[in-house]
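Two complexes are shown next, each including chain A; its partner changes from chain B in the first to chain C in the second.
After this line comes the complex of A and B, so read on.
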């Protein structure tokens, strides 16, 4: 960032080209529960996802590192970050999770992208006038 | 963009639940669903169930997410065969269904279903360990005739044992058919057992499909099933006869003028 110090130079756009596969994938998921009044904390949600990974892929799967970046307790919507090679594992274990504490539940995967910025908007929700 | 379809959604007596299932499927982005009526000739000697016409069941079809078009609802009959006499070719009861599927329980019937039966879908059982292997010859025969194999995933969500059977049966099917002519469907009884089309395609990777085949299993393979069903009803898809409601000299003349 040398150009920032020199005031007289005009601002330049920086173009980033990612040629290799991106290291992380980001997912926006929401949990739908049978009893809609149930609330989960962020820790409980992450624990629940780890249980799902463990039941499908065993200890090795549970060792898969993923992060819960942001979580909204009211809508049960979460942003997950997972390394690209763990995406299929995490996604399939989310798909096959069907019960949370003996009540039926489903993860709705709203968006998946290698760029976090892409999750700011959803073109499918646009209202075109 | 390909249209996504779920060609197996269970029906039940409770109409509100069926409506719930259909609207959830539309929300998830499925353009077509098929309501499945299961018929097991060996267990109960009932007649073939007759489908409820779609317009009677749902007055207002819900719109599909992402496309401003209503969802298409079809009727499908699945016959669970354990005896060669269970499947009657050209039975008039089958005519009122859009899709026809069989679930063979023995190797002989599987062979017959692949090579001879005039059906659209061969459903692979996912609730028990398969009593037979999928041999290359019948599977290839089915592929040549345009009959597809169906795997359903709702049982895998319900409990862990069935998940094991689902995955092992799926993998053994993929070994012989190499990912072609496979469709993935839900067989869901509750709305929470339905999953979105991209989730299902991702699940296909788990069953041993490649990326492209997995997406085809929820989109273009399903479309070819519908087209196959059309050709089954008509004479090779060329000639189609319908009973005209008004037949008289006046109607004939009008017809000639058109």
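After this line comes the complex of A and C, so read on.
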């Protein structure tokens, strides 16, 4: 019986290794503002990041497409998706964004990964107290 | 002019297809090799409430202990070694210590104690180690790996005495430690000496209505691109909307095509220090669930490891700052076949960190500005 089964079953095992094949990179960032009561909408945040790209890399930089996947208005934390080739550009422009409407601000890059799944399972969020 | 800044994080994804009916399938070994699990998430499409046997499996993950300010030499205690470590079923990890900033420790069931130490602590300990993958980014970091089941590490042995002396007199490391041991009886004498608390893994259930799922998903690896599939699973897990059009301003993320809408789906997550044997039991229950419910063609299970554990798969490091997260996703299908996507980094050392790249590209940009300023 067992051997019959084996005959019927095609060879199913297959292994594929993909190296640096991830088309996108994902960033979890939070915006820290001098005046903590300031609130931004998702659209304002995306526009602000595009301004940063434009000031550092010019019009070509501003054309870099990235997605704002998720945004929490209370904590000013966002998930960004950017093509793997554009990661360094986006990251460096976030680093140099120092002012939002004449108040000092900074982007904190909390986590970066080629997989969105990795951003949802960060063990540093484990609270046992 | 400097080169275009476009280097990316290293990523290595191993995708496997096999069948539970194949005697040579390695799933059980692979699950058991991933010792320290932080989060398990299960996605059940076309399911409004989990059947009782599956719910029982999700709620019966082993409890674990948090011991506060545990001096590390306690892990070399003779009684602890005999009752827990030599039995090969103890899992332990330092809690809330960040591997890129602090010393981290973990204890795996193969009896291996791994310490990730900074240079000063390493020199104080005086025990042989090797440079860790973090050295590229953190100033200097070293990994000391000790096999506690080795004959020279038996209580009274030379290696044992040396490590004990290092931990009691020179490097008095104290950490908050997560510890799990089936039954927990063997740990009582250790627990009685310190401030401890027992925790059950936290289970949360989310009901998703009108979820777009990839249609035509089969165990064939080419039926859906693994990266798109993992992206979609991540979007479901993170509660990110996939209902976008290619022209929307905020996000253009969509479900892999062709897609269909599942009227009612269930996403269950379990968080804590989770044991591989509980994960394997859950996999068995998911297989039973698939056999019973014929309208469901697949279910997905994702297991995340701890970010700050010195080792992840077996005894290898995962290079946390060079994009070496450790997780795996298992897709189970009706016909007893499965897809396993392993995210690991067998060789995480080396490779340029995009953070370094960012700084370099900024420097070259500033240099260019200065040059222009002086020439004009």
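Quick note on the criterion: the second predicted complex is superposed on the first by the 104 of 129 C-alpha atoms of A that agree within 3 Å, B and C clash if a C-alpha of one lies under 4 Å from a C-alpha of the other, contacts with A are read in each partner's own complex, and residues count from 1 in each chain.
Everything below uses one rule, namely that a residue touches a chain if its C-beta (ideal position, glycine included) is under 8 Å from a C-beta of that chain, and two chains touch if they have at least 3 such contacts.
Predicted, not measured: the structure shown is a model, and the values here were computed from it.
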Task: Quick one: classify A:35 as touching chain B (first), chain C (second), both or neither.
output: neither
Field: Touching partner for A:96 - first (chain B), second (chain C), both, neither
entry: both
- request: Based on the superposed arrangement, let me know which partner A:16 touches: chain B (first), chain C (second), both, or neither?
  value: second
Message: Just checking: does A:43 make contact with chain B only, chain C only, both, or neither of them? Give me first, second, both or neither.
response: second
Task: Using the superposition described at the top, determine whether chain B or chain C touches more residues of chain A.
output: C
Message: Touch test for A:55: chain B only (first), chain C only (second), both, or neither?
response: first
Task: For A:88, decide between first (touching chain B), second (touching chain C), both and neither.
output: both
Message: Applying the document's definition of touch, where does A:126 land relative to chain B and chain C: first, second, both, or neither?
response: second
Message: After the superposition on A, what does A:72 contact: first (chain B), second (chain C), both or neither?
response: neither
Message: If we overlay the two complexes on their shared chain A, which of chain B and chain C does A:112 touch? Say first, second, both or neither.
response: both
Overlap of chain C and chain B interfaces on chain A (superposed complexes): 56, 88, 91-92, 95-96, 112, 124
Chain A - residues contacting chain C, complex: 5, 9, 12-26, 42-43, 46, 56, 65, 67-70, 79, 81, 84-89, 91-92, 95-96, 112-124, 126, 128
- line: Within their complex, chain A touches chain B through residues 32, 34, 55-56, 88, 91-92, 94-98, 104-106, 108-109, 112, 124
For the chain B and chain A complex, residues of the former touching the latter: 28, 65-66, 153, 156-158, 160, 163, 190, 192-196, 198-200, 202-203, 205-206
Field: Partner chain A, residues of chain C touching it in the complex
entry: 5-19, 21-22, 24-25, 38-39, 41, 66, 95-96, 98, 197, 199, 219, 221, 226-227, 230-231, 233-235, 237-240, 249-253, 271-272, 302, 304-308, 323, 325, 327, 329, 337, 343, 354-355, 357-358, 361-362, 365
